[in-house]
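Below are structures written as structure tokens.
Next come two complexes built around chain A: one with chain B, the other with chain C.
Let's look at the complex of A and B:
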């Protein structure tokens, strides 16, 4: 018999936590499901309990989130299902049936309402050499550093268009690592121009601006060069990365590369369920569509945080708060006047943060700066489908049609990594509104025996 | 305005293959497809090449089984068709005809296998009955519960992703004009013969004139035929399929079950494909009836039952990761046999749909093309749409 909850929240990051906190004091059973062992999401990736990490995530930007995580940990009636992966969410009569998996096997849960706050993931960017050992997304390197103070490499190059790589570089330096160089593909003038068109918005996002400035100071002190207008062209090496080559022809020796061209929403679960999504922006991916109370297009299903578009942790917190109150409102636990009162501040915060997020999107816009893959560059890593094969196929037909012909997106990751690359190729050919791959069960690979009838 | 001898509606396996045969025979051919080529059941099925009588024909009584036995002649044609297909099309279709085993786990199922085999042998299909150990000698992955199996050396599997595009490509080379994302809006009969068809692509309307129409639109066939004021009694069926991660070679043969819903094979890339006729739930329209344009949803009991059957027969499947479950929508007729041939109520109107059309589709296409060319083809009589002629007494 499946365990039943009034509400299931997928994701224990800033948004999921904020939703649970917004509902505190009401007599509700809430399950919060997360792939990580401990709450906090990617932004607060916690070290394992048995690790003592000195000065874990110092800095004001993290303090608010740490406080929220602490608050979240004190909530009654919240069941924390850490290390659980959601395999499926399906409508089952009046409620939702969730299938989750952990080390012990499959666990079925039912819930009257579901909030998906699954965060975002690094955009995978194919270029020559990107499948060599030693190439990571910058976010993956950051996750190592945050959770275990582990720096995966001796000499790291960060490359891309997203300003976050400044922070990541500073964190690597603080953890004792060596950053060879931070490369921005776009010229600095393009970044300034974007900020100057919206100076007020830039000012409101001053927390982020200050964090970037602080990171730049750390990098300067450590002698880490930061270059602009320096587009990555190839990554080279035999059995591992030994250097990168820029479009200018310049060569930088390194054993590790972190790519940082942006982030895409984790919207696989809403898409599997048939909730409405929209193209998320220049970096690609799809964002779940919602109304002012974070209701998705499906009754009973709510979405919040970066599943609805990448806008940073504070915006996710605000959306989580709105979702929590919205859920309370719909269930009749909170009345409209109270709901309005409770969310006034979150709403105004959200508006400002969204404006800043749009500005950041312009500053970080990767579209003009993506490296051009070579013919034999692998685009779909699960199925080894290269660029030339896709280029020959993507002249007509949908992403699903190309998938069927080439196997691109048919592997264990279900297209999570290659879908944005393929959609950009279709886009270049004028097929601009492709809905992407049909998202199939299971959300993560799972042993056949765990799904089979016990017999 | 386009004017051709033949207009084919449906860019699946049968439509594309028929376009090829007609174009090769010298006809001018236009094919319209509402979505993409191979987007329906032709590309979504599990790729079995199965020629033994199916479980579904055996479990509903002797009368139905007798009738189904008449399809054996078509199966024999299909075996030869598949043997020549890769050479004919010049494309690697990943055809593997390394045999098929239909397994039994209980004495009752063994009796069913024996009865089935008798029918097949009298129809000229050389199935062989094996005991459990002999079956395991052929396919060591089979588990200890397999009591017996009937073996047919010609069975196997092929790649549904490759076949229809290969037919479409060859048809275009032979002169057929194929357009995708073009929707047929109306079908009007002309006097004294032929048809006017209105079609829409994007915002562009086009009139397509043809002497003959061939509808091969899978589950959408009844709706397309309704545009010609005809009943084609086919019912949509949503079937579940599952794919594991890739693994080393473990299953050379096609595996089916005589008493349970199960088909299993290892595709060329190494993934094990598990199906066998477990239902998914078709989407419903708010005003009643099924919505074929919305995604069918998986029934958890189908999934767990299908995977249980797979593990019972090939235990090592249990340790593999499942990476994908999906649903394909096919159709079934009142007597379970496909519908393929001329609709005599409306001269010049032909149709083919109704399931089993991966294994038999290339053969249907070859025969239909001959019928449309004016030949009498006895092998298709058993599938004639005219067996449901009474439904069209007041139609047309």
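Let's look at the complex of A and C:
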């Protein structure tokens, strides 16, 4: 029999935690399900419980998240299901049926309500050589450093358009690693111009600006070059990366590359369920649509954090708080007046943080700066579908039609990597507003044998 | 490169990947254990080209390996290494 909970929260990051905390003191059973072993999300990807790390992730921004994670850990009646991957959520009569999977097998749980706070992922950006071993998303490298206390390379190049790569480079340097260079495709003037269009918004986000400035100082002291207007063109090597080549022809020796062109919402689960989504922005992807209490378009299903749009951890915390109170309101545990009082500050914070997030989107906008794939550059990593194959087929219709003909998007990642690239290709051919691939079960790759007997 | 300063790891363990014994630490993922020994190739693609781990957060499926005892496919980046684990890649 499936274990039953009043509420299942998918994702134990800033949003999921805030929702559980907002509901504390009510007699509710809550399951929090996360692919990572420990709570915190990607922003606070904790070292394994078996590790002890002194002075882990210093800084005020992290301190607030650590305090929340500690609070979350003290909650009664919250079942932490770490290292559990949700592969399906479906309506089953009056409640939701969830299937989770891990190395031990498949587990079935049910819940009256579900909150999806699944975070975001790095935008996958195809260019020649990007499938070579040693090429990662920048987030992948950062997660190795934060959690596994491991620097995956001797000489790392970070490249893209997103300012976060400055912080990641500084974290690698602080860990004793070597960053060969940080490459921004856009000129620095474009970034300044974007900030100057909204100077007040920029000031309110000064915490982020100061963090970027501090990272720049660390990089300068370590002698790490930071270059602007320096677009990556190819990544080369035989069995792994040995160097990159810039659009200018300049060559940089390295054994590891981190790509950082922005982030897209993890919205596969709400899409699988048929919840309404919207195009998430210039970096691509789709964001789950919600009302003022973080209700999705489906009754009983709530969404919060970067599943609804990438805006950073503090905005996710605010949305999680709204979702938690909203769930309490809908279930009759909290009345409207109390709900309004409880969330006044979160709403105001959320508004300011959203404004800063939009400014950051403009500063980091990858659209004019994407590398141009070559004919045999793989776009769909799972099914090895290259650019020329897609270019030949993408005049004909929808993402789903191209998927059927080419297998692009049919692999284990369910199109999470290739969908934004394919949609940009369709867009270039005037096929705008494509809704993307129809999302299917399972949300993550699982062995077919598991489906016979979910225990 | 494992970060040594200010870090205490779990107990020393050993896993086997494609018949090669790898020293690792309790708490490390299969991915970390492999990469830290220079095993960056997780498979070869349809054109025979070497392929590596990409996202390290369970999203992309590039790092799938087989736990031979259970004949189970898992993502190396979200699966913890256990002492004595026997793993096969598609490399």
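What we mean here is this: the second predicted complex is superposed on the first by the 452 of 455 C-alpha atoms of A that agree within 3 Å, B and C clash if a C-alpha of one lies under 4 Å from a C-alpha of the other, contacts with A are read in each partner's own complex, and residues count from 1 in each chain.
As a working rule, contacts are C-beta pairs under 8 Å (C-beta built on N, C-alpha and C of every residue); 3 or more make two chains touch, one makes a residue touch a chain.
The model shown is predicted, which means the values in this text are computed figures rather than measured ones.
Trainee: Of the two partner chains, chain B (first) and chain C (second), which one does A:412 touch, if any: first, second, both, or neither?
Mentor: both
Trainee: Is A:196 in contact with chain B, with chain C, with both, or with neither (first, second, both, neither)?
Mentor: After superposition on chain A, A:196 lies in contact with neither partner.
Trainee: Considering only the touch criterion stated at the top, classify A:94 as touching first (chain B), second (chain C), both, or neither.
Mentor: Touch partners of A:94: none, neither chain B nor chain C.
Trainee: State whether A:131 touches chain B only (first), chain C only (second), both chains, or neither.
Mentor: A:131: touches chain C, not chain B.
Trainee: For the three-chain arrangement built by superposition, which of chain B and chain C touches the greater number of chain A residues?
Mentor: Of chain B and chain C, more residues of chain A lie in contact with C.
Trainee: Would you check which partner chain A:37 touches, where first means chain B only, second means chain C only, and both and neither mean what they say?
Mentor: It touches chain C, and chain B stays clear.
Trainee: Answer with first, second, both or neither: which of chain B and chain C does A:152 touch in the superposed model?
Mentor: A:152: touches chain C, not chain B.
Trainee: Once the shared chain is lined up, is A:85 touching chain B (first), chain C (second), both, or neither of them?
Mentor: After superposition on chain A, A:85 lies in contact with chain C alone.
Trainee: Mind working out whether A:336 is in touch with chain B, chain C, both or neither, as first, second, both or neither?
Mentor: Touch status of A:336: no partner.
Trainee: Which partner chains sit in contact with A:175 here, chain B, chain C, both or neither? Use first/second/both/neither.
Mentor: In the superposition, A:175 touches chain C alone.
Trainee: Which residues of chain A are in contact with chain B in one complex and with chain C in the other?
Mentor: Comparing the two interfaces on chain A, one with chain B and one with chain C, the shared residues are 411-412, 445, 447.
Trainee: Under the stated contact criterion, what part of chain C meets chain A in this complex?
Mentor: Residues 1-11, 25-29, 32, 35-36, 40-42, 45-47, 49-62, 64, 67, 72-75, 77-80 of chain C touch chain A in their complex.
Trainee: Quick check on the complex: what are the chain B residues that touch chain A?
Mentor: Residues 36-39, 43, 161, 165, 180, 242, 244-245, 269, 274, 294-295, 297-298, 300-301, 303-305, 307-308, 310-312, 317-326 of chain B touch chain A in their complex.
Trainee: Of all residues in chain A, which touch chain B in the complex?
Mentor: Within the complex, chain A contacts chain B at residues 90, 97, 99, 274, 383, 396-398, 400-401, 404-405, 407, 410-412, 414, 438, 440-442, 445-449, 451-455.
Trainee: What residues on chain A touch chain C, complex-wise?
Mentor: 35-37, 42, 47-55, 83, 85, 103, 121-122, 124, 131-137, 139-141, 143-145, 148-154, 175-177, 239-240, 266, 378, 381-382, 384, 411-413, 416-417, 444-445, 447
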